[in-house]
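Comments concern the structure below.
Order of writing sets the labels: A, B, C, D and E. Residues in every chain begin at 1.
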Amino acid sequence: ADTIRVGLPTKTYWPTTIAETAVRQKLFEKEGIKAELTIYRSGAETFEGMAAGAADIILDPPSLVSAGRKKGVMSRIVANAAMGNFGWQLMVPTKSTLDVKDLNGKKVAITAAGSGSDLLALWTIQDKKIDFTRVSVGGGGLVPNLLAGNVEAAVVYSPLSFQISKSGEAKTILDYATAVPPNLTAGWIVLDKFAEAKPQLVQKAVNALYGAVAFMRANRDVTVKLIAELYEMPPEIAALEYDNTIMKLETSGDMGAANVSAAVQLSLDLAKLGGLKDIVPVEDVISTKFKPVPTK
Amino acid sequence: MSARISAKTLRHLIVIGLIALWELLPRAGLIPELFLPSLSSTLIAGWTDAGEYGHALAVTLYEVVVSMAFACGGGILLGAIVGSLPRPRVLIMPMVSSLYAVPLVILYPVFTVWLGIGSESKIAFASIYGFLPTMLATAAGIQTIDPQLLLAARSMGATLSQRLVRVIIPAAIPTVLSGLRVGGALVIVGVVVSEMLISSAGIGYLISRYRTILDSPHVFAGVLLVLFLAIGFNAVIRWIERKAAIWQTGTRAGQANDDIASGAMQPAT
Amino acid sequence: MQSTLAINLARIAIIVAILALWEVLSRTGIVNPRLLPSASDTFVTLGDLLQRAAVQKDLMVTATEVLAAFALAVPFGAVIGFLVAENRYFADVAKPLLFFAFSIPKSIFLPMFILVFGVGFAQKVGFGFFSTIFIVIMSTTTAVESVKVEHLTVARSYGATPMQTAFRVYLPSMLPVLLEALRISMIFNLTGVILAEMYASRDGIGHQIATWGENFQMKQLLAGVVMVAAIAMTFNELVRWVETRCSHWRT
Amino acid sequence: MTPLKPAARAGAIEVKNVGQVFKTRSQDVVALEDVSLEVKPGRFVVLVGPSGCGKSTLLMMMAGLRQQTAGTITISGAPILEPDPDRVGVVFQEASLFPWLTAEDNVEFPLALRGVPKAERRAKAQDALKLVGLEGFGKRHPHELSGGMKQRVSIARGLVQDPPVLLMDEPFAALDEQTRMTMGDELLRIWAATGKTVVFVTHSLTEAVYLADEVIVMSARPGRIVDHLQVQLPRPRTYEMLSGDAFGSLRDRIWRHIRKSA
Amino acid sequence: MTPLKPAARAGAIEVKNVGQVFKTRSQDVVALEDVSLEVKPGRFVVLVGPSGCGKSTLLMMMAGLRQQTAGTITISGAPILEPDPDRVGVVFQEASLFPWLTAEDNVEFPLALRGVPKAERRAKAQDALKLVGLEGFGKRHPHELSGGMKQRVSIARGLVQDPPVLLMDEPFAALDEQTRMTMGDELLRIWAATGKTVVFVTHSLTEAVYLADEVIVMSARPGRIVDHLQVQLPRPRTYEMLSGDAFGSLRDRIWRHIRKSA
């Protein structure tokens, strides 16, 4: 059977849950293919992995596809994975009395300049008409620096955000899942060459992935247990992740849907804020060739 | 001798060759631009944002210079002290090299908790990063010193610090200098890497920022600046080496000069 | 013999003191225990982790990669370093270039390794090799330069072949510097492999450590760091054992 | 015996029941056993004995560079526990020059340690180098000098320190006879002018008798003192004395000891 | 002169118009100028001259360890361009033992290089060490030996190689007179038994005349040969000869040269 190599941006990010579910529920097998999962350090690394030929299908935001095209890496989003920043939150230490507008002139931690958290911070600056310094501290530095008071606030991803809010260490002052208008935050991406050469394989892969999404929605307990195991986290946090993230994911993935174009455009506009200059038209970023048929 | 091209020429040829490859490989499409943008597009990227890079360079340079002072100065001094006192050596050295075995890069995000996220934490990280190899190399170099020389100095009443400055360090000069090279290079790497991990300024910050948005020409413009830092540092070391050349007369490096000059002694191998 | 006992006791005392300090800082809350879990907690976590089959497998994978990279980088680097030091011409050509290569943060080239090797064993080993080779070369050069001319002259007068000179004169007199270099190289090697694993992988301990770090799982992170440090320290001790066996002639 | 005031004893050496045992991997080596001797200030004492009998070891202990494993050594009335250049200077058996310093910097080294100003240092070093016949070689590095020249630089370095007690370990071993004689006479001149106490190790019995007030003869393994002779020949010594009877009989007496123990 | 067959000339040394100029930082040093000499196979030649006259330099060139800047040197009929242990062996002025090897391993070193089996090596090394009076010291490291002992290990290392030409640079300088004599006699015995050509540098004129078939006297800076004497004293030499007239007049003749040039 053909093997599809799936590139995932971080271990504790919902794409990993999807792919793992697909593997464990033997959805790839049911499609008659095999899958090999590789976990990268972040979105950019995953994209580089695909460009280097080490991954066939990856999950990343549209901005990288656009930037990639300018750099000669021709790829497109073939399936819509999420239309919002679920689980992403602007957080301050519990004791802090600061609100969003008080952050003017303060320091806010992001993972890396140009990353998803940076885009959200920039969006906050623009939307709330305030100005603060964005400090990139890496994934591992977000919470330590927030707790140590090196920064006043931090843009935190899930399930870390749920975890520290549950433990009472930090509280949310802005939930990006609801605050940011719907945009295509991430989709499944393949190289144009690959889509042309092995359309069947791509189709089967998205089928399996969306089969996994369907399975997860239908099987709460199994999925919560899986998240707890994968992320090494207590079940209650896994449950939060399930309710606030997994349940919000796109179920159809159809790139031909009416709202997709605008959502991609918005996503690219957000990226422009982050200093991305290499913007290409939306139709070059997406492909409507594959409409996932969730594997049962 | 004369039949061969001079070492310098050959080196320059190699450099030119590398530069040409850097330009041609991406242009010919042999390496995707994402991984290696052509030299010209790198230069253009750097030039168009020269102001930004200049500012970043200033930040990084400051951090490098301060860390260098700690890492190299401290490393040589402590290495010399520890290397020349047998008791502390057997006691401390194993622990120091074990300490170095802790993968600091992984812990760096946690360090910033105590050291802050400004230049201090970068300086601290780079200092430690460069300090230990310098110290270990110096201490090891000290052990190759002829004990007779230390005996002579002691008989003339040299105090510990005098022995250190006047005997141990000059006698270990070749080792110390290479320790310095390694340490200095690591300081540069340390500063840049820590900037890449956590910061809001400096060349490392620019590199990682542009990397996240796949802007490879800007990334490599940053790398080029790091290279310039290394070239600058190398020039300083060369200068010290020239100054110290007479000190090296007792060593192979020093004597090779004389022997080649007198047309004698072919290389031992 | 008595003094070695005393030294070992002193060393143990220092280690115990450090662990005690760690424990106290965390327990008394002088340092936020969320940021620095106590030593005992860390070691309990370490015990748990070591029992997991997945972690054991990751450790094996990483150890294999590290050893493979090391076994390639050291002899290769040593030979180049030797040539560079021995041959003035070669030295003049190569030294500055090597130095520049050494001063660039290697992680920038990680994608290139994926480009060439894909993601997997070869890429990890390749990057580990790449992270180590330069320090091996530079250290070997240093070591060679510390050899005394008189000793070389004696060997020459007895018609020693280059190989004999290398093994019978260079090697023993360079030993202290060389072993130190070996230690440092090992650390670079380990860090290199772990960085490669953090960057992209399917297994390996670096991959785990990255995840723990990103998720603020401090106990696991520290336990992972202790694990890696332990590997490096074991190697250090091994080198020191060789050192004490070979350097007894020094006073 | 009522102890003299320290000042009056500047330059006196007293070695009492001194022993030295080296611990090696295989076994313990008794290098010296129960060595006692007394040297009055201002005397020229020559130490002779077969190779490996412990002469250098004894000198190292007198210089405070090695601690005896038994007994006591006092110099100028006070025990010597560590090197003290104000009391004792040493010229080593192996030249032990600093390879990175020029000949003249090597000679200046002990002065530099004490912070003597540059000009004064340089002048003294020039004088000392001239004394050992190396005028004009000041700018050379040790590896550019011959074996004998290195040894002479080392002697110059010992002389320039000007301590009340000077210990010299086979300083003339690498010199030709002519240079050796000239330097011997120079040494005697300096000694007479400064009133130093000199302990001098040599293998040349002729040289021993020519230079010495007293000759101490040691036996081999474990090193012991087997004879302590007074050389009553008048000073200044001349080369004619070398063929005299007094000289010959002294030389013979030492020779018989050495022969027995080597 | 018709050239002999190489075999017949094994051990012959021919030095023709040899010069050596050292380039130093400050100026060029002419160490040797136009030195020519010829040594027939199996002769015992002693080289004397004031300190720094170029004796060691000449030996290094004969050993192929340093290239002359002018002239040619042939050993056993072929020019010597690099060290060739099958033709020439050297005992260095400074012991230069390998500090990481024991005395016995140091002596075995040249044999080990040639792949001589361990047992044979060890036996030869033991013999050589015995010859130099160091039986039982084989397991010591150089830093555990006295100056004279190190030098003797170095001599043993030179002897064990057994080349047709043996160059010895002041090998006995650090030895006491008794050991020196014993070793001199040993050397003569070995020389007589093996028919080696020996070039021996010493500063002791007595030793020179006692050992030599021929004495070559050099003058100082730039080094030149000023005299080449044949010592016609019968062999085996005895210590009684030392007081004879023939001996005295030879010694005096050399002495006058040295005196003039030092």
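Note that in this section a residue touches a chain if its C-beta (ideal position, glycine included) is under 8 Å from a C-beta of that chain, and two chains touch if they have at least 3 such contacts.
Keep in mind it's a predicted model, so treat the numbers as computed, not measured.
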Where chain A and chain D overlap in contact partners, by chain label: B
Rounded to the nearest 5 degrees, what is the angle of the rotation that puts chain D onto chain E, matching CA atoms? 180
What's the farthest chain from chain E if centres are computed as the mean of the Cα atoms? A
Return the chain pair with more inter-chain C-beta contacts, choosing between B-C and A-B. B-C
Could you please state the distance in Å, as a whole number, between where the Cα atoms of chain A are centred and where those of chain C are centred? 36
Please work out the Cα centroid separation of chain D and chain E, and write it as a whole number of Å. 28
Rounded to the nearest Å, the gap separating the Cα centres of chain C and chain E is 49
Indicate the residues of chain D shared as contacts by at least two other chains. 25, 94, 143
Note: chain C residues in touch with at least two other chains are 35, 111, 115, 149, 155-156, 173, 210, 213, 221, 250-251
Residues of chain A that contact two or more other chains, please. 48, 51-52, 139-140, 144, 147-148
Can you list the chain B residues touching chain D in their complex? 146, 148-149, 151-159, 162, 166-167, 170-171, 173, 246-251, 255
So in the complex, the part of chain E that touches chain C is made up of which residues? 63, 65, 82-86, 88-90, 92, 94, 96, 98-101, 109-110, 112-113, 141, 143, 161
Which bits of chain E are touching chain D when the two form their complex? 22, 24-26, 29, 48-57, 93-94, 139-140, 144-149, 152, 169-170, 173-180, 182, 203-205, 255, 258-259, 262
Going by the contact rule set out above, which residues of chain C touch chain B in the complex? 7, 10-11, 14-15, 35-36, 86-89, 91-94, 96-97, 99-100, 102-108, 111-112, 115, 135, 138-139, 141-142, 144-149, 152, 155-156, 162, 165-166, 173, 176-177, 179-181, 183-184, 186-187, 190-191, 194-195, 209-210, 213, 218, 221, 224-225, 228-229, 232-233, 235-237, 240, 250-251
In the complex, chain C residues that touch chain E: 150-151, 153-161, 164, 168-169, 172-173, 175, 246-247, 249-251
